[in-house]
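Read from first to last, the chains carry the letters A, B, C and D; within each, the first residue is number 1.
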Amino acid sequence: MGKHFSTFRHDVWLPYKFAVGQVFKAFYDGLKEEKILGNQCQSCGKIFVPPRSFCPDCNVDMGDYTEVSQEGEIVTWTLAKEAFFGSPLDPPFITALIRLDGVSCDLLHLVGGFDLSDVTGVRQRIKKNRRVRAVWNDEKQGHLLDIKYFEPL
Amino acid sequence: MSNRVAIVDVAQTPGSESSDNFLDQLYGVCKEVLDKTGVSREEVGCVISAASDVFHGGISCANAYYWDSGAGFLKNGSRQDGESLLAFYYGVMRILSGHFDTVLVVGICKGSENPSDDMITHFYTDPFYQRQVGLNEIFAAALQMRAYMDTYGIKEEQCAQVVVKNLGNALRNPYAHLKQRIDLEDVMQSRVLTDPLKEMECAPKSEGMVALLLASEEKAKELTEKPVWFKGFGSSMDTFYLGDRNLLESEITNAAKQAYAMAGIKDPRKEIDVAEITEPYAFQELLWCEGIGFCGPGEGGKLIESGATQMNGDIPVNPSGGVLANNPYVSRGLYRLAEVVLQIKGQAGERQLAKDVNTGLAHGTHGFAGQFHAVAIVGT
Amino acid sequence: MGRAVAIIGMGQTKHGRRYDVTYPDLVREGVQAAFEDASLTPADIDGVVFGTMPSMMEGVAMTHFYFADALRAVGKPMMKTETCGTTGMSLAITGYYWVASGLADIVLVVGSEKMHEGDSQATMSTVLEPFYLRPFLAGAPGVFSMLAQSWMERYDIPEDKGREAAGKISVDHHKDAFDNPYAHIKKDLSMEDVTNGKVITYPYRLWDICPNSDGTCAVIFASEEKAKKLCARPAWVKGVGFCGDEYWYGDSDKVAWECAIDTAKQAYKQAGITNPLKELDVAEVYNPFTYVELIHYECFGFCEPGKAAEATLKGTFSRGGELPCDPSGGVLCTNPIGATALVRVAEAAMQVAGKAGDHQIDGAKTALAHGLGGVSQFNGMMILGSSL
Amino acid sequence: MITFEKGGNPIIEAEARVPYELAMGPNWYRFFEGFKEEKIFGTRCNKCNRVLVPARGFCPRCFVDMNEWVEVSNEGVIISWVLTDYEYFGMPTKPPFVTAVIRLDGSDCGFMHLIGGVDLSDLNQVREIITRGTRVKAVWQKEKTGCIQDIEYFKPLSIP
């Protein structure tokens, strides 16, 4: 049927200036030096990456920043075969939740560094608990993607 | 003070693209439910709507835009964003408070006007972390599906069976958007979007204007011979970052627990006659069925294979075809409720279940991998 | 009608330009303040209501997901209420009905906005559909300036007199704000500063218009039983009202504005108020623009139609007057939009609980809080009292 | 990428652009088709008898269909007006401009549009020319595309 009375194209286009806050600022500064920073809740002892301004469980202020391991395990993953709005890379790419060693939550990031063209091949290579390590971009911008991706060990 | 609340009647639009303007379409469905119940606009106590702004519609403060189309001129009212079942719950509160004896609850979505839900849900992310990694709803769902498969050995074919069942049911639903006769092979062969999620396992982008008239006990008995009573409601919010959550232990369990306690339900599988579940991704019907206690953790695959959730099974799930057949993103929770109401009233046409339907469950969810859940129980 | 409901705690952030914190941190600050005020913990809360100006104001959709942790809402039932500028009032009314219905005993209600992160008027113009109104109305000031023109012309109020009354409101409120620790804009203005200010949307000049603020407000509602147990001086909800008007601006009369009149009628009826000027001790009128405050005095029956300018110039609504309005400085000085009407509720509750500090109206027993929103379309009201 | 706002706090600047394709539906479509012939249509409610402009499918008060299309005048009187003199991001009409609510002859509600043909540099003069009751007439664009801007503006009749 469709809109046979015609339609009206309308774009909502708006500018933003997001307040970063001191905690993400510290995290981004760490990325520029190839460090992954977390922080620890003084109450429950959990270590969060990215660091938090307050513990999501205990709601108390967090302690000092600590550098965490750049290695960890894949918790779950997906291979994107299509381009989506806001995607960081052209497909194919892998988005994964990664549990870095010693950290109490999973980091949402990319997995790469090998041939992603074939789903079956990727499924054989990437599995739950597969160990991975951060690979850095040469140019740093203070952005999550200063880590290019995590590559399987 | 009234102590019971009833749904008197419902009206809904089909999920396919309509050439009507947003406001006319909404007016139509409100008019329909008022005409059906014989209640004039002037008599309506207040109007509670469920809608989303800008992102799902392109107009901020959408409640301003559609206020008079939703029968709201010079009326008391309010609006819920996020999960549309909350508008129903708020309507119930309004009546239980004794201030109103009728409430018009409307769910509003004109999906055909919007960009893809994946684009819109990208704006659910925080600007500092998850947005930079490109998260949207489909990525979150795919991560959850993989975790489900890995942890419990759920098979892709079991997830795909949900599509076959629901699109099969949709063939008998005049309001469904997708009407395709398909088999398991079609689903398994459909395009991989975010492995392991395939195109046919993801809900479409649909239109959906739905209106329900609620009434106090006294008023309901005047208005209908078949009132459907509010029995219980629960909802629960999860933490924000995906990485802080166990994707398989969802807040649906908590939401269902609250609803069952209110409704006095002890054995949901036995006591509930029909369930309408919000399953924008096929595997989620299985996972949510576990969460509401239709089977144990990890048993969702077996549940679909057993046939129990088919139209003729012991616990039919999504006789309407579910969200996989019709996904008016913003109003889909109220669509679930509308179907349950029609089943209980015995007015579900060709898709009416063969057995007696006395108690039904409607479920809605929003947010990445089910960050928020709502469960409503209604019955005779 | 329903169970009795009281406000037993309220918290506000320091409102203003808050680039020092992220948005979730700002929400948390307001929520913490309410918990401290009520001496409660999240374990005491049965449900959480949250809302903002429903828009892309801050570039994040479905903000209650983002703020779930800051709201202490994890594992709890939630409602997300949003109705434009009235959002804050609609939030409070949701909290009220949740408790009055018996479906919850204690509810945390939070409203928030971080307006500096977006372009507020660009966002506000998206309230207008693009077929017809959008090219003509410049955000909120564009809409509400029309009201001022119509009001003066309707009642033959000389432009200078209207100007002077609106000017007095601006001068007074910007001064009042010095006594409110949460207020955003505090300023010593002369009448000339206001009347000679830059035209923004004529007749509105710079100091007729509210600022963009970042801020959060949190209010805790409780049932009679809980309130009596937990709070020494609860602020009892005596009446609520809400009314919505047509969308198309030209369709309704906005001067003798039925929508506002009806809202007050609902709330007064429930509260048993017949002479608001006498029976109310203080009112927090939603005044994003000076002239809008004047028009609402009339719609709410604080004075005869067309007489708001005279009564204002006489000092009826000033701090020492018969019915002090907006002793907090009102919206004119502080406007984190999703929180703004909830701030009116919190301020009214503070007044009847005797907690308003330097801007306390002595002996205030009955207070009115108001919210306004839409394309000049929505009014909401809550009346609070010191006794049940 | 982080930059710093004037208070020295870190910020990230971004823009969001989201496209929509809104259905005109039969009423907007027909209303704007009328514009192509320099006609302004309203619809009459058979219950309350009001003629509402723009034409629409239902009466918001009586909640009944409005099927009776009525051409209203190109002329009317100003009910209320505002002079806008500030700018925001992506503003569709550039300031300064005057918007007015106009009661078109033959209609029972206000119609919103721009007032033009008036020199806006002198506020006092503007206030003399534009006021409640000022009669205005639609000035049409030569090329029409079927949108609200097919009317360029309404011009006070007192202006030659």
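Note that a contact is a pair of C-beta atoms (placed from the backbone, for glycine too) under 8 Å apart; a residue touches a chain by one contact, two chains touch by 3 or more.
All values derive from a computational prediction rather than experimental measurement.
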Touching chain A and also chain C, the following chains: B, D
Maximum centroid distance from chain B, chain identifier (CA atoms): D
Rounded Å distance between chain A and chain D, as computed from the means of their C-alpha atoms: 47
Separation of chain B from chain C, taking each centre as the mean of its C-alpha atoms, in whole Å: 33
Computed distance of Cα centres, chain D from chain B, in Å: 38
Numbers and ranges of chain D residues touching at least 2 other chains: 5, 9, 11-12, 14, 16, 18-26, 28, 60-61, 89-90, 147
Touching two or more other chains - residue numbers and ranges from chain A: 3, 5, 7-8, 10, 12, 14-21, 24, 56, 143
Chain C: positions in contact with at least two other chains: 19-20, 22, 24, 56, 59, 69, 74, 119, 122-123, 126, 129-131, 246-247
Chain contact graph, described as a line, ring, star, complete graph or other shape: complete
Contact footprint of chain B on chain D as seen in their complex: 12, 14, 16, 18-28, 56-58, 60-63
In the complex with chain C, residue positions of chain A that touch it: 8, 10, 12, 14-21, 23-24, 53-54, 56, 59
Complex interface listing, chain A residues touching chain B: 1-5, 7, 10, 12, 16, 18, 20, 24, 48, 50, 56, 75-82, 84-89, 95-97, 105-110, 119, 122-123, 127-128, 143-145
Interfacial residue positions of chain C with respect to chain A in the complex: 18-25, 28, 42, 56, 58-59, 69-70, 72, 74, 114, 116-119, 122-123, 126, 130-131
Footprint of chain C on chain B - complex, ascending: 1, 46-47, 52-55, 58-69, 72-83, 86, 89-90, 92-99, 120-121, 123-128, 233-240, 251, 254-255, 258, 366-368, 371-372
